[in-house]
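One chain, chain A, appears in both complexes that follow, with chain B as partner in the first and chain C in the second.
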Partner chain A sequence: MSDLKGRNKKLKYFEFTRWATQPALIFTLIFFVTPLAIMVVISFWQRVYGKLVASWSGANYIKFFGTDYLLESLTNSIEVTLATTAISILLAYPLAYILAYRISPKWQKVILIFAVLPFWTAYVVRSYSWLLVISENGIINFVLTHLGIIDQPLQMAYTRGATILGFVHFFTMLLTLTIYANLVQIKPSYWKAAEDLGASKLQVFLRITLPLSIPGVAVGAFITFVIAIGDYITPQILGGSTEVLVPQAIMLQVSRAANFPMASVMSITLMLVIVVVYAITAKHLKMNRV
Partner chain B sequence: MRLLRNLPSYVYLVLALSFIYLPVVVLVLFSFQDGVLPVFPFTGPSLQWYEKMLANERLVESLMNSVVVAILSSIVTTFLGFLAAYGMARRKPRFAGGIRFVLMAPLTVSYLIIAMGMLITLNLIGIPKSLFAVGLGHVVINLPLCFAIIYSQFGDHLRNIDWAARDLGASDAQTLLRVIAPIMKPSLLASFCLSATLSWDEFIIAFLLSRFDVTLPVIIFEMLRAGLTPEVNAAGTMVFAISMLTIGVSAIFVFIAFRGKK
Partner chain C sequence: MKNLTSKSGSGINRRTFLGYAAGVSAMSALPVRYSHAAGELNILVWCDHADALLLKPFEEAHGVKVNVKSYEGTGTALSIIEQSSPGDWDVLVVDAPDTRVFAEQGILEPLDDANFPIGDLFEPLTSAAFNSIGGVRYAVPEKFGYYGVAYNKDKVDAADMRTAEVMWNEQYKGRVAVYDYYFPAMQLIAISMGIAPDNISMDHLPAIREKLLAMKPNVKLVGDIVSVQNALVNGDVDIVLNGAEFTVSNLMPSMPALDWTIFDEGGLMWIQGISVFKDSNRKELASHFLNHILSPQGQGTLATSECYWAMPANSLAVLSDDQRKILRWDEQAAFFERSVPSTISQPDIDAAMLDIWTEFLQS
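And now, the complex of A and B:
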């Protein structure tokens, strides 16, 4: 009898713990999985005279990939994102390296936290504050004209370069964090052994440190790619409307035309691009090492 | 000698930090500008733009909206994340791998796409654009992080404490709220603060899913259409300061949570 009672209690307990996962799961299914599924469905529907019609066809996809100015947003986005990722890695790697190997351990954490603090500035504000620096009457043009280096202010804001600048600023901080976290995990015995065996400083870096730090670079680069290619604010505020990236194109479809099927096509294309990038970087993405 | 050898490193470090802090310094400095343009020459300091900002009713209202959404969505997120982490850690449910995949999946999808999907769905089922919808969106994007943080702190030692509480006659709710939750407090607070910070900063979901009751980032975005003004600087500085504060507090909780574990 008492045995039975104990088993009952145990069963009830298991019931509850199983139940505990459900609310979060159901919430995610309703507000994340379902919307994505609906988007996939709608991307195959048509918009006729401003109304959604459930006539299935791939016409929207054909239109997106067959129309130059629409497809251009995708190539623009990929170019900008790749440039952003590459430049951010080039800037962040030396910074992470210096922090990990040239700064005394006592100061490393302090400087690291200091270096990534503005990462948490609100998105809109961060892009806006770059305008203060690069706009026609911004700091850089002010300094350059007063030094007599240039006569006319440089047109830096509202260009592709401005978008990339805003992105690079943000993602240099992120990549510094992931690369640093990787570098400090490399055992000093590895490069000490290499040095003992006669390797030069350059050889140690190229054949020991660099290969072992690839996971940190890959994780940071992947996150950079995912966030940058889906960001609307930075290209909208800094890039202006000289060229349109996919997120801006999506917003135009939503706000101007209320064309949800086309916006869905673009969103799904964006997700597919991310899946492809994930497939390429997956073997380096050992999240637990970072 | 060592200093000389490391000089290029220090120079790079200073240059990199200058690059990182340049826009922040400019933003904060010109929020105290005593003129109509937030550019050189600096003529302040003056608090007039802060006064103007606080007199801007729409801005103050959006500030309140932002605070409400951040706090309420973070409470829901932390609660759901805590329950899910507890369920996953205590008893491996069937399809545990699949459940974890679904719970973590929103992390890999752009906020814009999540917002788009929700916009279309809410349209279909007839939930109007509102602050409530924004809150739902913020729970979606923050749930994976909260779940991951709390789940990572569920050690085996808690399993025994959990059994002990039950053997002593505690009910499910009592075990959860009076035994497990207090032990998990640092990671619960950390995930609450982190989620509040991200919600506070978030733009695109708030922009697409709200109509009249907008949040602060949306108002700042709208103010930008009028061009550069020190008032935007003042609002931006305030957003930045509050972000720093919450992220500082959550960093302290994360630190306590991880120190307690090892």
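And now, the complex of A and C:
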């Protein structure tokens, strides 16, 4: 009898979850799967004399992968995003570590508020604010010039470095949060056990803390990669279009030529890069905490 | 004066470049209904028509409320109209050469010259071929300007700015921003090479490409209006190529070091026109609005809007001496003499030009 009740309960729960997930599934089907399928189909179309012509031609793919300056946009995007992710991790990890283990809980809250401050500022405003800091007559050059450290202002704005700087400012804080959230879950009993077994502090970090915090790093790194590689605003404002990244190349095709087939090819390529990165980090993204 | 002519085509015109992006967004959005209560006029216009100073006198005179929808780019306007119901909109402002796109879709009401102060408008604007389609007028020119050069005269030799050679002048290496619109930028290069924009063909593109790429060492950034203005004001660059009065005029009263001009080799004009929607239920009111905008007072206010300044189409526009000086009013006759409108290219040439522009950005 109790088995029957239990089974009925399970069935009801199954029914509920089945129905509860329907809206999200339908939404995803309509607003993600369908547009994605349309985009894939359109990527084989052609824009001929200002009009879209339905076809199954691979000409757009051949043009994208066979044209140096277009392919370069992909390598530029990957280079900028990898640099951003790597620098952000290097800056965020120590910050998260200190925050998790060296700061009192009271101050942790205050610092966490400061950590999320960049998220409260509009993306465009943040990028233009950086220009005030790194431009030729900006704060950095002003200070360095007046201290007599440099004669000529440093060229920082409108460079790849400026784009990476803008990204790192934002993503360091994001990574700090994901790594911090991971670090505070690690049980102190693991360290005590390791120390009891004669491990040094460095060994405890390298063999316990670091491996157990990898999921936090991986999650933050993956989010950083996905957002940064698809970002248009930061390279546009801080990079000054002195080189083209894939999102800018997509915008050029869409906004100026209405060449949706070529823009689709670029978008799909970008998506494939993200899928590859996901495949690489999936192991850590799925890793269950002990 | 040169007769301003235009080629028709389905390419993309001034302001369309940024606008298509917004257009795509607009297309993907759910349809929006624009309310149209009695005593209201709905206008689909550029940002320079949103000033209270411009609208309030009309609203008070006619006892109506003017609802402004500001857009950027012809593509966006088309998207908004597609999402609207007939009668939602009364007045449209669009790139004059793009009027054909709207007229051919049957969106615009034919206009009678007798109802508007056509005789007061600068003649080169009213005689432009794109003003009428099949002999019928669908738009009245209301404001215009140029693609040329804007600069900080404290930092550069103003005489250098009057020649297109400044685009390759090594003296200004790293001191140049380019307004990010491939079409007029390459047309300016064509003009410097003695090729009229209307005559640009596929055969000309390799030479234009070479000149464009040769310009890159001088270029510090390529950006939209806000970006190039910002760079000029911050002192990161001293020159904005492919910009002119629309880039700096509104800054000049507070920053007198800024200035603009067109090249001696030739100028490239942009012209905006104002139209009435065919399905408007308030055509008479819309017509009054056009006359308000085209009136000397309205023209003065429109020319010096908060969004951007440019020359009024009406030669009787009420402007102060300082404003006229900033807009180079007294030089207009000479500017007209050596200027041609930036017109739409054939789609295949347009696509090839965009490829070259992308290569330029990447170089």
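Rule of thumb we're sticking to: the second predicted complex is superposed on the first by the 253 of 290 C-alpha atoms of A that agree within 3 Å, B and C clash if a C-alpha of one lies under 4 Å from a C-alpha of the other, contacts with A are read in each partner's own complex, and residues count from 1 in each chain.
To be clear about the criterion, contacts are C-beta pairs under 8 Å (C-beta built on N, C-alpha and C of every residue); 3 or more make two chains touch, one makes a residue touch a chain.
Predicted model, so just to flag it, every value in this text is computed and none were measured.
**Student:** Which partner, once the models are overlaid, touches more of chain A's residues, chain C or chain B?
**Tutor:** B
**Student:** Could you tell me if A:Leu70 is touching chain B, chain C, both of them or neither one (first, second, both, neither)?
**Tutor:** It touches chain C, and chain B stays clear.
**Student:** Now for A:Leu117: first (chain B), second (chain C), both, or neither, which partner does it touch?
**Tutor:** A:Leu117 contacts chain B only, not chain C.
**Student:** Quick check for you: in the superposed arrangement, does A:Val125 touch first (chain B), second (chain C), both or neither?
**Tutor:** Only chain B is touched by A:Val125; chain C is not.
**Student:** Quick check on the superposed pair: does A:Ser135 touch chain B, chain C, both, or neither? Answer first, second, both or neither.
**Tutor:** Both: A:Ser135 reaches chain B and chain C.
**Student:** Under the stated touch criterion, which partner chain does A:Arg160 make contact with: chain B (first), chain C (second), both, or neither?
**Tutor:** Neither partner.
**Student:** On the A-aligned overlay, A:Met173 touches which partner chain: chain B = first, chain C = second, or both, or neither?
**Tutor:** Once the two structures are laid over each other on A, A:Met173 reaches chain B alone.
**Student:** Could you look at A:Asn259 and tell me whether it touches chain B, chain C, both or neither (first, second, both, neither)?
**Tutor:** second
**Student:** Name the residues of chain A shared by its contacts with chain B and its contacts with chain C.
**Tutor:** Of chain A, residues 128, 131-132, 135, 137-138, 237, 254 contact chain B in one complex and chain C in the other.
**Student:** Enumerate the contact residues on chain C facing chain A in the complex.
**Tutor:** On the chain C side, the touching residues are 9-12, 16-21, 24, 73, 75, 174, 177, 180, 182, 219-224, 227, 230-231, 234-236, 346-348, 350-351, 354, 357-359, 361-363.
**Student:** What does chain A use to touch chain B in their complex?
**Tutor:** Contacts found on chain A: 9, 13-14, 16-25, 27-29, 31-36, 38-39, 42, 91, 94-95, 98-99, 102-103, 111, 113-115, 117-118, 120-126, 128-133, 135, 137-139, 142-143, 169, 172-173, 226-227, 229-233, 237, 247, 250, 254, 260, 263-264, 267, 270-271, 274, 278.
**Student:** Which of the residues in chain A come into contact with chain C in the complex?
**Tutor:** 47, 49-51, 69-70, 72-73, 128, 131-132, 135-138, 155, 157-158, 236-237, 240-244, 248-249, 251-259
**Student:** Could you pull out which chain B residues touch chain A in their complex?
**Tutor:** Residue list for chain B touching chain A: 6, 9-10, 12-13, 16-17, 19-24, 26-27, 30, 37-40, 80-81, 83-84, 86-88, 90-91, 93, 99, 102-103, 105-106, 108-114, 116-121, 123-124, 136-137, 139-140, 143, 147, 166, 172, 197, 200-204, 208, 217, 220-221, 224, 228, 232-233, 235-236, 239-240, 243-244, 247, 251.
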